[in-house]
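We call the chains A, B and C, going by the order they appear; numbering starts again at 1 in every chain.
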Amino acid sequence: MRTAVRNYFFFLWRCARIAFVGDWRYYLWMGALTVLCLLGLNAYAKQFVHGLMVTGMSDEVSWGVYIANFTFLVGVAAAAVMLVIPVYIYGIKELHDLVIFGELLAVAAILMCLGFVTVDLGRPDRFWHLIPGVGQFNFPASMLSWDVIVLNGYLLLNVHICGYLLYCRYQNKKPAKWFYIPFVFIAIVWAVSIHTVTAFLYVGLGGRPFWNSSIVGPRFLASAFTAGPAIIILALQVIRHVTDYRIPDRALLLLRNIVQVSMLINVFLLVNEVFKEFYSGNLHVASSKYLFVGLHGYHALVPWIWTAIGFNLVAMVLLVLPLSRSLGYLNLACVLSIVGIWIEKGMGLVIPGFIPTPLGEIIEYAPSLNETLISFGIWAFGLLCYTIFLRMSVPILQGTLSKANEGQPMPPAGGAAGARVPSG
Amino acid sequence: MAGETNPPSSLPEPPPGAGLNRRSFLRNSAVLASGLAALAASLAPLRDLKDSTSMEQFLQKYYKELTPAEMEKVLERIAREVEREYGIRPHLRDVKPLDGVQFVYALNLTRCIGCRKCVHACVAENNLSRNPEIQYIRVLRLPHGSLDVEKAEHNYAPDQVPEKGYFYMPVQCQQCENPPCVKVCPVHATWQEADGITVIDYDWCIGCRYCTAACPYWARHFNFTKPSIPKDRLNPEMAYLSNRPRRQGVMEKCHFCLQRTRAGRYPACLEVCPTGARKFGNVLDPDSEVAQILKRKRVFIQLKEDLGTSPRFFYYFDV
Amino acid sequence: MNGESRTSTILTLLGISFCLLATAFLRNVWGRPVPLTPISLVSPEFTNTATARLSYAERIRMKDDVSLFDCYGCHDRKKPPVLRFDTNQNLIIPTEHEDLVMGHGTHNRNNNCFNCHNEANLELLQTRDGRELKLSESTPLCGSCHGPTYRDWEAGLHGRTSGYWDRQAGPSDRKDCVSCHNPHHPKFPTRQPAPGPNPLRPGANPAQVHAKAH
């Protein structure tokens, strides 16, 4: 037993060490991310001292980029499971290892979500009030309490599945099916639930007619399953480029199919929403008017939402055409989707819910410098985590970091440092 | 890009040659050191953390779990803090609800002239922050014939009120019977008491602002920074759940002046109203003004009634 | 060696950036909180509980100067005053009472002083059915015409009550009609409103800016 524990800690130690080893591109990337993290941390320290006054939020618009990013990232985390379904339900075994990359993305995304929620709190020192049993947990009435459970549960699920599979591979042991297969299936259902619960945070508020609509939940899932796999498509190509890990084109095209269908559904749901809001001409349309055409002279979000819609439509067309089978166009479609959905789900969902206020007032919102630095810092932290995860998992999956070669020097960053000397 | 075994000479570490080894070690240590220095320096703003939470406040139990002895200690601590901050020893109690009381507030829209004295009386009575400004009551000026709040003007500033062609509607926390804010709070920091007042435990709130999003009446207000109250305008008659000074990062809202109303007095907004448009009392008492209003007047408006919040605030007209 | 020197350069640059960052953090170069715009404290006239006017009864209670209410200081007890009207049936207010503004009822419906005042005894008021009331107890006189409002007032629905809602806990103070309404010109006077709200992040509404400019 003790040897097993010792071995495990040595494995963790080797993984930690390898995170500091790489070529110049690795150091450049990680260095830049670290700088962003530090900027974010400094900005957060200021926010901690002076309060949320250093953001652009107000009593009128009391949620801003933090919750916008949180909402977007919960979707990304949920969509990482989209690789799980083809592998485990449709039995496409050759993509088995890619599940790990997807779930590691989910872990990084959830860490970012937790980061965004923490920086949004007015009293983060009172976080312990949320712990069930220790604090006062308003379950099941408050959807935020559901969110706490499902997000942390999803994090644990994914950490367990990835950690177990990777450790088994490290030891060159066959993983015991009962120890991870049930969790994989739970994760599929759980992924849908995390995003539905996040949607219900908004839907359950009767006083905000912009959110109090049954289409919010389906739209969340449709946009999550567009943006999430799009991010994975890009991430897999980065892995292809900087390591010598083989990523079959089949994986990318499978993900393309998912993004394609989800984007079509997303755009269809957008059309539904626009019709419902504007056709009947009732008074609850104020927030939608503010978002799409401006209200009483205020129109800060109008260029944003139309850019997002434009990006989404172009991406949709590209994805439908066989043109996007070629990686250049596919990547363009992915980038457009991600940006479009970030705007739509972030600023295009959270902010209009607050404008106009329930008493009819319009106070607009723009993030402050501090808020932006903190947001970038958390994104950088998430990317840092994901890069470290990949830096650890790729050699394990390739077999270059394994129990067999303990005691030997660290493997390089996927051979790129030596195997591919730049020709220029 | 099949994986080739890499020639050892191109491994990044350890490179051959003792000289390079020492140089790279020094370089790496220097980078690590500077990184740690930058990390420490990034937390430099925390030097300004003055009104930080004390250990007692950090560990303080939930209001409903405090024993009377613990509550005494908490009140003593808060009174000490207020004295240290403002130089005035407050009279701070924990005021419990009265039995057999259900508070109801009625407001006569024919009589309100929009003078906003209620807004400022509330600010003075309840130790609201003057800058940034927090006001529990917001008076809306609406045009004749419409209750559409989008047509409301919040910033009217004529020379004389009331203005022709408009009526005025003050809005504050409606103390709903079915409060959405209570439903959504993840830590039970806000709840409805037996007499109908929805209260907040300021020392339990985590400041997530979900209740602000949930409230259909824009009644909940957040302390975006440390509230500022002029020392000479502090009201020392305080209660734990109502008008003791709040901290940065917590929510607050109208609590029907429970430090007054649970002692049988009228709330501050009513006392100051020049026209007597505001009416308050125990609706369970058939002789109270509010019970009589609900019996005699024909038309009441409960704001946003269709949301099912069932507010305790009734707007009526003289018919 | 190409990669090695590049790594070295990157790491050195990183080290330098960390040092620069540490300096910038310690000197708090950016992100300082913007000081709040000062908001002037509200004048105490907007937080006092004064009524719209001081009634005669209130003046007596406060031991205020009530010499102007001494009618027979000028009038003769044996000679009831005579009212004069112009060709349009409008009351001509005598010069001695020129500070009085008559406006009880639109279209001069109630412009006869002795609809309320008793010409035989100026220290009393009279109702239509012949009851005599003291000047300090004018409320039933108002109620003799304004029935629905009087009914509401009796139940506490109209007018001001202050003090204790719980009558068993303490006294309540019902204000009478003339504490708010001038009996000669009863319409509730207009007044200057207290200042409006100062939101944390006002922003400028282009339409409002445009409207204010005109």
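Before moving on, here are some points about what is shown:
Throughout what follows, a residue touches a chain if its C-beta (ideal position, glycine included) is under 8 Å from a C-beta of that chain, and two chains touch if they have at least 3 such contacts.
Bear in mind the structure is a predicted one, so any value in this text is a computation, not a measurement.
Shared contact partners of subunit B and subunit C are A.
Annotation: A-B is the more contact-rich of the chain pairs A-C and A-B, by number of C-beta pairs in contact. Centre-to-centre separation of subunit B and subunit C, using mean CA positions: 27 Å. One finds 56 Å separating the Cα centroids of subunit A and subunit C. Subunit A and subunit B have CA centres that are 32 Å apart. Listed for subunit C are residues 3, 7, 11, 14, 18, 21, 25, 33, 199-200, each touching two or more other chains.
Multi-chain contact residues of subunit B (touching two or more other chains) are listed as 10, 12, 35, 38, 41-42, 44-45, 132, 138, 154, 224-225.
Shared interface positions of subunit A, i.e. residues touching 2 or more other chains, are given as 23, 34, 38-39, 42, 46, 50, 53, 58-60, 417-418, 421.
Residues 2-3, 6-7, 9-11, 13-14, 17-18, 21, 25, 30-33, 199-203, 205-208, 210 of subunit C touch subunit A in their complex. Looking at the complex, you find that subunit B touches subunit A at residues 1-4, 6-7, 9-14, 35, 38-39, 41-46, 48-49, 53, 58, 62, 132, 134, 138, 140, 148-152, 154, 171, 180, 183-189, 204-210, 212-218, 221-226, 248-251, 304, 307-309. In the complex of the two chains, the subunit A residues touching subunit C come out as 23-24, 27-28, 31, 34-35, 38-39, 42-43, 46, 50, 53-54, 56, 58-60, 296-298, 362-365, 369-370, 373, 417-418, 421-422. Across the complex, subunit A meets subunit B through its residues 21-23, 34, 38-39, 41-42, 45-46, 48-53, 57-60, 62-63, 117, 120-127, 129-130, 135-138, 141-145, 148, 201, 204-208, 240, 244-246, 283, 286, 353-354, 356-361, 398, 400, 409-410, 412-415, 417-421. Interface residues of subunit B, counted against subunit C in their complex, comprise 10, 12, 15, 24, 27-28, 30-31, 34-35, 37-38, 40-42, 44-45, 98, 108, 111, 113-117, 119-121, 123-124, 130-133, 135, 138, 154-162, 224-225, 230, 233, 261, 263-266, 270-276, 279-282, 288-289, 292-293, 296-297, 318.
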